[in-house]
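The data blocks that follow each hold one structure.
Okay, so chain A shows up in both of these, paired with chain B first and chain C after.
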Partner chain A sequence: MTLELHNVTKRVGANLHIKETSLVLEPGHFNVLLGATGSGKTSLIKLMAGLDPLASGTIKMDGQDVTRLSTQKRNISLVHQFFINYPHMTVYENIASPLKVAGMAKSEIQGRVEEAADILQLRPMLHRRPHELSGGQQQRCALARAIAKESKAVFLDEPLANLDYKLREELRDQLPDLFAGRGAVVVYATSEPEEALLLGGKTALMQDGRVTQFGPTAEIYRNPENVDAASVFSDPPINTARIEKRGDAAHLGDVSWTLSGVAASLADGPYTIAIRPHHVLPLPSDTANVRMPGEVQVTELSGSESSAHFEMGQGSWVSLSPGVHPYQVGETHEFYMDPTACFVFAPDGFRVA
Partner chain B sequence: MQKRSIVPILYILFLMLPIYWLVAMSFKTTNEILSGFSLFPQTFTLDAYRTIFTDPTWYWGYINSILYVSINTVISVAVALPAAYAFSRYRFLGDKQLFFWLLTNRMAPAAVFALPFFQLYSAVGIFDTHLAVALAHCLFNIPLAVWILEGFMGGVPKELDETAYVDGYSFPRFFVTIFIPSIKAGVGVAAFFAFMFSWVELLLAKTLTAVAAKPIAATMTKTASSAGYELGLLAAAGTLTIIPGAIVIYFVRNYIAKGFAMGRV
Partner chain C sequence: MKTENQKAWFFVLPVLLLVAFNALIPMMTVVNYSVQETFGDNVFFWQGLDWFEQILRSERFHASLGRQFMFTFLILIIEVPLGIAIALSMPRSGFWVPVCLVLMALPMLIPWNVVGAMWNIFALPDIGLLGYFLNHVLGIHYDMTQDPIAAWVTIITMDVWHWTSLVVLLSYAGLVSIPDAYYQAAKIDGASNWSVFRFIQLPKMKTVLTIAILLRFMDSFNIYTEPFVLTGGGPGNSTTLLSIDLVKIALGQFDLGPAAAMSLIYFAITLLVSWLFYTLMTKDDLN
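Here is the complex of A and B:
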């Protein structure tokens, strides 16, 4: 089973909500759609599910053109961000409902429902109604319905976004196992870069209704193709700055450093660099050796990590370092950047080094 | 007794006074009612009720009323369900104007429509039938039911519809087996109000009937004029008129509170 999108677009009025998008999604791993709110993740999922009409393009499942096929006939599952269950049915009836509609025999339904309920630890709640369950259990019920159906494609639209932290972690750890070995294409939409990294598989970065980059998650994280991809896949936001390359040196205001590797062989001129906050550190090291004095604006301490927002010249920067670091707001502090961790982009936004 | 409970108790006493008076009167003889002031029936009698339950002109009044009110309630809710679904789920040209226009029907006085309905129903031959009154009452009950149901449907996320389609439900099956059960409180409230407004409406019901479908309220006024002052009988008829509403309100009391909270009742 593969899910293929060819030049798919979606139009609302005069606006293109999804601009020409082509993707080939395969089973066996998570296909993560990563993008900010409003980047088109839900729109794209609705197109794949057949809930919204395409303006152009084709969708193929298993090589079959399903562009004009109704949602009901596509054999798919969908789990929403909000915990959507049928309120007047018990958990058992909820999980069984797609099977019942498909006309499956009672005994087989029971087997499948119980299997799904066991995997998601819903056994004791089978005869309760959704509103008698906690948020996490309600979402597990929705997931159980998707699993019991054994559909060809499963769409998970930010399924963990409305859960509290602990439950989210717990369920996220379970998710890859839930769908492993079922042969279904799993599409998972999220706005959190960390979630994409934890789920592994492949990631499609989305921005303004288009997929900017698609590939194995770790690969995309290490090698963003353009500035947008780098900024989508970073939390806290990636630092960007305009530099001037002259000879083998990069100049950023008063700060300058020697370029190495591919970056050194670029033509002279203006470039944009992007560097993740954890490569800008409050103490120098062998690699982090470019001194950047800045005025500390905001500091945050989250458990074992310290972050500082500071201003240097015209730009504002974020530093994220392990350990507790005592910053004073308003003081001038020296930060150290690792120049080898910089992504370098040409003025048109594409990565050159 | 706490001081603070005095005011609500007085309030309820004043509210209940006319109803008590009506019930007390129904157990008195007409002579006693006319002869002077008495708090309790001096000579307790069930004659009035006996007359109502044995005389066909009386009990048919109730049967007629219940018939057309029931027909009206069923039609109102059945028509309002798909209409309210369209208003709550789709955007179409002039949807807001149409919704408001529906509500304005609720505001028009029934007297305006009495004559055209009378003439029209006579022409098509459904004058003096239960259907005539039931249809006429749709004029104000369908807009009301649409208004109430649209509020309840708005509280059901659109994602429920999508989930059902993905799970394989066709639209009709989804609507009947999932959507209506999840707004059953709204259906209860809408049915209750349709029932009540149809039950208490007198002008159209009287104008559109003569003998075969004459409502209880019409029977009451006619008896009063032909047989002089049979106040005990009228009081008993009035008491019985309150009962159906009281029964219905008992069943939907919890839903009504929900409707109030939504601002749609």
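Here is the complex of A and C:
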């Protein structure tokens, strides 16, 4: 089973909410849609599910054109950010509902419901109503419905966003196992880069209704093709700056360094660099050796890491380093950047080094 | 230091007075009449429960009560499904929503006696629009002043016209409160339109429908003005509903004792049926 999108667009009034998008999604791993709120993740999922009409393009499931096929006939599942269960039915009836609609025999329904309930640890709650469950259990019930249905495509639209931290981690660890070996195409929408990395598989980066890059998640993280891809896939946000290349040196205001590798062979002129916050450190090292003095504006401490936002030249920068650093807001601190970790983009936004 | 006093009771006093004047005193007056006989001049004779016994045994009372139940049953069986159907077919968003809502609310804004008078003229066999159309264009013999069936059809149609909107508006309120995600979930489950109605829309409408049915039951069970203006209870006694009969006894015959006893029985029946219905409908929610 594969799910293919060919030049798909979605129009609302005069606006294109999804601009020409082509993707081939495969089973066996998670297909993560990663993008900020409003980037078009949910819109794209609704198109794939057949809940909204396409303005143009085709969708194929298993090589068959399903563009005009109604949602009811597509054999898919969707789990929402909000826990959507039928409130007046028990957990058992909720999980069984798509199977009952499909006209499956009672004994088979029971087998499938119990299997799904076991996987999601819902056995003791089968006879409760959704409002008698906790948020995590309600979402597990919605997931169990998707699993019991054994559909060809499963869409998970920020399924963990409304759960508290602990539950989110617990369920996220289980998710890849839940769908492993079921042969379904799993599409997972999230706005958190970290979540995409943890889930693995492939990621499609989304911005302004467009897929900016699609490929194995780790590969995209390591090699963003354009400025947008680099900035979407970074939390805290990636640092970007305009540099001027002259000879084999890069100039950023008063700071300059010697370029190496591919970057050194580029033509002279203006470029944009992007560098992740954990390559800008408060102490020098063999690799982080470009000195950048800046005035500390905001500091944050997140347990094992310290981050500092500082002003240098016209730009605002973020540094993220392991351990606890005693920054003073307002002081001028020296940060050290690793020039080999810089992504270099041409003025049109495409990666050149 | 805490001062203990009973001054807070003064806050309740206005409400107490209001309730006393508009409910307790009239009610107790009726109770007073129901157990006594009077020939005027404020002279009363103790009668015990005789009037109640007389009313409960009276065939006339049984007949009007039967007609009353028939009327209420018929209008509920028509108005509730019709109201739900109209609510389901109304648009959920866009320009037509306020138009539909105003059109729906219009009949309910017309005073009851005007509705009765309107339909009376509307149904006149030779000059009324409806009467003329049925008799002279379609050739159906229709005269509600002569034919009991025609009279019943007319009062039922009038009530449906006047009050279906209430069911529509309440059902509509229930429908628009259902988030889109439920419809999407149902579509994805492969549910038919009927299943969506049966398992999503109907359960979500249950609370408002309970209120709609309760209101329609109480209103129709106590209905007086419209059928009185329309048919005056005729032809014969065929549309003499309970309240019309009650007024005949109380004001026509000036039998205050039996009328008071009948009022209390009437009140008890309305209360009992409403309570039973409400208890049955909300039983599930309590467990």
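A few remarks follow.
Rule of thumb we're sticking to: the second predicted complex is superposed on the first by the 353 of 353 C-alpha atoms of A that agree within 3 Å, B and C clash if a C-alpha of one lies under 4 Å from a C-alpha of the other, contacts with A are read in each partner's own complex, and residues count from 1 in each chain.
The criterion applied here is as follows: a residue touches a chain if its C-beta (ideal position, glycine included) is under 8 Å from a C-beta of that chain, and two chains touch if they have at least 3 such contacts.
Every value quoted in this text rests on a predicted model; they were computed, and no experiment measured them.
On the superposed chain A, the positions of chain B and chain C overlap enough to count as a clash. After overlaying the two complexes on the shared chain, residue contacts for A:Ala102 are found with chain B and with chain C alike.
Once the two complexes are laid over each other on the shared chain, residue contacts for A:Ala263 go to neither chain B nor chain C. In the superposition on chain A, A:Leu51 makes contact with both chain B and chain C.
In the overlay built on the shared chain, the residue A:Gln72 is in contact with chain B and with chain C.
In the superposition on chain A, the residues of chain A contacting both chain B and chain C are 46, 49, 51, 70-72, 76-78, 80, 82, 84, 86-88, 97-98, 101-102, 145, 149.
If you check the complex, the residues on chain C that touch chain A are 179, 181-182, 184-185, 187-192, 195, 199-200, 203.
Chain B contributes residues 157, 159-160, 162-170, 173, 178, 181-182, 184 to its touches with chain A in the complex. Here chain A touches chain C in the complex through residues 46, 49, 51, 70-73, 75-78, 80, 82, 84, 86-89, 97-98, 101-102, 145, 149, going by the rule given at the top.
Every residue of chain A that touches chain B in the complex is listed here, in rising order: 46, 49, 51, 70-72, 74, 76-78, 80, 82, 84, 86-88, 97-98, 101-102, 142, 145, 149.
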